[in-house]
């Protein structure tokens, strides 16, 4: 806490049900991405790289995998003396029964005691399921420079898509004038990224009041931010430029993976000054066999490739046998493609086996096919 | 298994990997793209339950101490266990007094402080998998004074020429430990791995020292063959001995073969190393890679065959890499043809377009060099 | 998991309500003990010292402090590559709502997926609120040697106290013949310590069956162990000799602290071959002032003592001012005793201030006085 | 504050703590019972947001590398940050060529690799608290080329004799950096702490080297006083300089005084160190302790006055310890009287019953010695 007196809280409770079978056994922030990462590696690595030492992760749905994943703070270097990643599920208290988090604000409210124990000056609220690289220290510097009560990170989106987002209308200095959740007729194209810096004293007061309000849905976007604006508080919009993606659907998850294949992809995971840290897997480097043919691919350690791989992302420990063909597809950790199988425009879930000569997906489908069950091949 | 502590012994003066070793001790040399040679003995120890390990080192300690850290990557409990790097301050590099015995002796205090009854000593320059807890149990059950690990080979005429061999009787009793002179095909190559009581180890150090300032542990063990019950234990599976530049090259290249690598690496016996947090490797439209081992973080636009790429290498358009070992962050420039080479870390092969050696005498490109 | 293929699960969900105000804001396993420790340091350090790498901690009641405390596995060295301390609170699943743990066995049942992910051969079940040093590796060796289906650690208790415990009746070889929970007329004095080793495959089967049994209270002692005996399984009693204490009340917590003052106390926290690890506190060594008079005391870093301390245990950061007197007492972390105050046979809770000249407790009281609120002194 | 990286510079050849330094570098010497001297500069850097720190070391590295580990105890992010121990291999111990410039120069590659625009250099042998992020901001705002930290004292005639002083003009411009010759009471003691651009630092190393093989960083900075804008920044609060045995003894003893220790240690500026997991200290019926600082893990049956006890000391019945610094795990036997002594680690004072020196010339008992 010495460095910048800001503590981060990551909201990671959501199931992400539009990801279907991928989130049966894990929460959305734990979903695999980019060959070797999980989505939550992004906010956590951003925290580590921004000099934030203490991170609370608010979990709820099928949190077992997520809890044990983030608990090992060493993955992001957040395991030093006064650092830590702390899993914060709902809990039983002397004066309260075990209850689910009712909204994003409620999740923080139920953990006011946790935040208080670090007495931070600022609290950074993050979402656990966005893919982006961002220096929160810069955002904090702007927050301080503007003497803001709260700062909200915003990104310019195409005007025609603006109505899908929470839209901030700000003046030239960046002061937020009003906020509309998914407006039919958006006045600006500055979408909220769901990233907030609050002065903790103020937020604490707001949360206590919000808990008592029976009409509140206990949500930052719907309740806390409008209330702050009502109170005439100084809300600042921090403009972010760069890659940012909320992967809510199978199509968008596939797309986000495909984005990595561009020679100059904006996310640039190869930047050694802003690394994304993740689980350290004990495997060999990947092996490429004598019959392999690989073009435009993103391939990580532990893979064994002896077939054709085109325009695809291969996650840890996947296998592509000789004569098999993987095109425009994503193979999640441990997926196996047997001899002669052909895959087009598909996302193969972790550990799934595609049998010999099987054909999955098609080159001209509109949507990406999610394969979450074994596909039998020719025996 | 808290009965034994481990010692990773330093390479003796007859062992020298030309080129690479100028920059770091053998243990810190890159192996199979993402490993260092010392990852193998330490992982063997950790997997065998040995969590107090002394690593002896003589010079250029930075790359090794950086790599080892506190040993967490080897799954060694950071409270209960400990990786201890012990330095030898006396004696110069090629000094004839530069023996393992001299290193032990200089750090005798640290050896005597260990409260474990047994010691397992393994070299920092050999690559193999072995379960020391089983070997120790066998050693205890056998009643032997010393157990030596060996690997039977049938190419000792042309290979393992810097190694010792064990001369065994039918009961696997060791008659002699002697240098491989390349006079016979079939030999039991001594894997420089010892199991014995700690007390005996201390006694041997003192004895060796009093007998000759040039004596090594192998020398004194050989000397004691008649006096003590010394036995050989055969090792099976992959065995690589890195005692010079050629054996380094050969060991790497041989492990591209899945058959060999499967016999060294297996899921129940993890070989740990320090992660570098590199992203996956990116293949471009123009890439062509066959029969190779590729680490993370590479950018591949050219052709790679029968080679090993370290982390973060860049193989540019039109470049051809064959039968080569490319260490981390090297760059092979456009249309550069590299064959039978070891390219050290961060070297940039840009202007000279043909860098080709013979398979029998592979070439070496220095660290940070620009060609 | 390489070393001995045994995973440990620590049951740490209980409030421990007989500890009154000490457990308002924390679960019993988080209660401070012995100057610098928390009770749960004992099972966790025992695990670390026994070569166990992976520990699940089942939390429930006011778990915030406990969760963040144990999450920092570095404290017990359990932060290496394949190691970890994992907090396991109740959670929401795709097929189940958020529900409290209904019993000790239910807590494990709800986390079968966690255990499965490590595929251990053996599972060690521990209680989070006992003070003792034990080498579980030796217990496992005996478990294996006896070819047992389950092994239960037992300790000899005085026969007159036996009816307070779960009592095992075992034959000479240590095979358990029957088990009685708090028997009126105990047949033996071998009390269960609540420490079990199970073959995971067998336990898993038992738990699945137990979950379906509507009559079960989902408890190891009441349901699982009797069921195993019914089935004629080989249950082995592992006899433990040494210090063991379940600190359920203020009196017994005080007593356990006082035990440390004996010159040859059985627990021997000074044994460098079996250290108890705990939080690493950033304070100076303790300071003893010119007017101090200390006899028979156990004092840790961060304390400032200038008064009289007799037969007492002083926890981290406590202060005893000049002229103050602390006798037969326990000062928990951060407690402050001002000038001239006198304390006898009391347990002062963490952070509590005893004002100038105040008198707390008495030398001949039957019970120990718990002081959990500030005592005002002469102003 | 990612603008600067940190350097902990090694003690020069004029600095020598007789006795203690034979076993470890000054940075690794025990201080105030549970600390090592180097904990202070590293904690200052960590608290200031500096998370890339180079520590230069010349000899006996084991105790220091053991103590530092990966820097987690200093709250340095183990991925983003790094404590790098850099060794100097050339040059012997008392060698006249043994300068800080020689160490930097030998590791120039590692300095050049740092991408931070500024460097903060602090010594491994001085004890103080300072916020380098504030100092750096002041440095940048001032437009100076180099900022030097100093501590104004009025006892420079008898103390700080191995230190340099700053000769300042009224605008705090540095006119000269010169050795304290003990000729005046009031002096600005130079705290061997520098802030400058990394580029300038590299330039100064090259320049110093080309001018004289014996030049130190302080020498070249002194030489540049007319050319560059070099300014002094005054330090307030506790300042201890450990340049010889007496100053080591004095610095420790002075910190028993709560007034001094409160000015060095404060809750908002933690001084981190490596924990040893010792249990609390046990006082027995016969103990009598006054005005002392006591680490954990001790057993106290005797009398201790105006002293500092390291971890795990045993003061037996009838023993009297006065005005002394007892390092970890030392044993003061029954009825042994120790006064004005520094007792090194694990020494056992058993048979000689009077070990008394004068306060002006405190005594020293060697590590592991049995008296």
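Quick notes
Note that the chains are named A, B, C and D in the order they appear, and that numbering of residues resets to 1 at the start of each chain.
FYI, a residue touches a chain if its C-beta (ideal position, glycine included) is under 8 Å from a C-beta of that chain, and two chains touch if they have at least 3 such contacts.
Predicted model, so just to flag it, every value in this text is computed and none were measured.
Interface comparison, A-B against A-D: more C-beta pairs in contact at A-B. Greatest centre-to-centre distance from subunit C is found for B, with centres as Cα means.
For the pair subunit A and subunit C, the distance between C-alpha centroids works out to 38 Å. Centre-to-centre, using mean CA coordinates, subunit B is 39 Å away from subunit D.
Put simply, the C-alpha centre of subunit A and that of subunit D have 45 angstrom between them. Subunit B has residues 72-73, 79, 270, 272, 277 in contact with two or more other chains.
Under the contact definition stated at the top, the residues of subunit A that touch 2 or more other chains are 74, 79, 81-82, 275, 277, 280, 282. On subunit A, the positions that touch subunit B within their shared complex are 34-36, 74, 260-261, 263, 269-270, 275-278, 280, 282, 284-301, 304, 309, 313-314.
Here subunit D touches subunit B in the complex through residues 59-62, 65-66, 69-70, 79, 84-87, 89, 277, going by the rule given at the top. On subunit C, the positions that touch subunit B within their shared complex are 2-4, 48-49, 51, 53, 74, 76-83, 137, 273, 275, 277.
Of all residues in subunit C, only 15, 24-25, 59-65, 67-68, 71-74, 79, 81-82, 84-94, 98-100, 111, 113-114, 117, 280, 282 touch subunit A in the complex they form.
Considering their complex, residues 1-2, 46-47, 49, 51, 71-81, 115, 270, 272 of subunit D touch subunit A.
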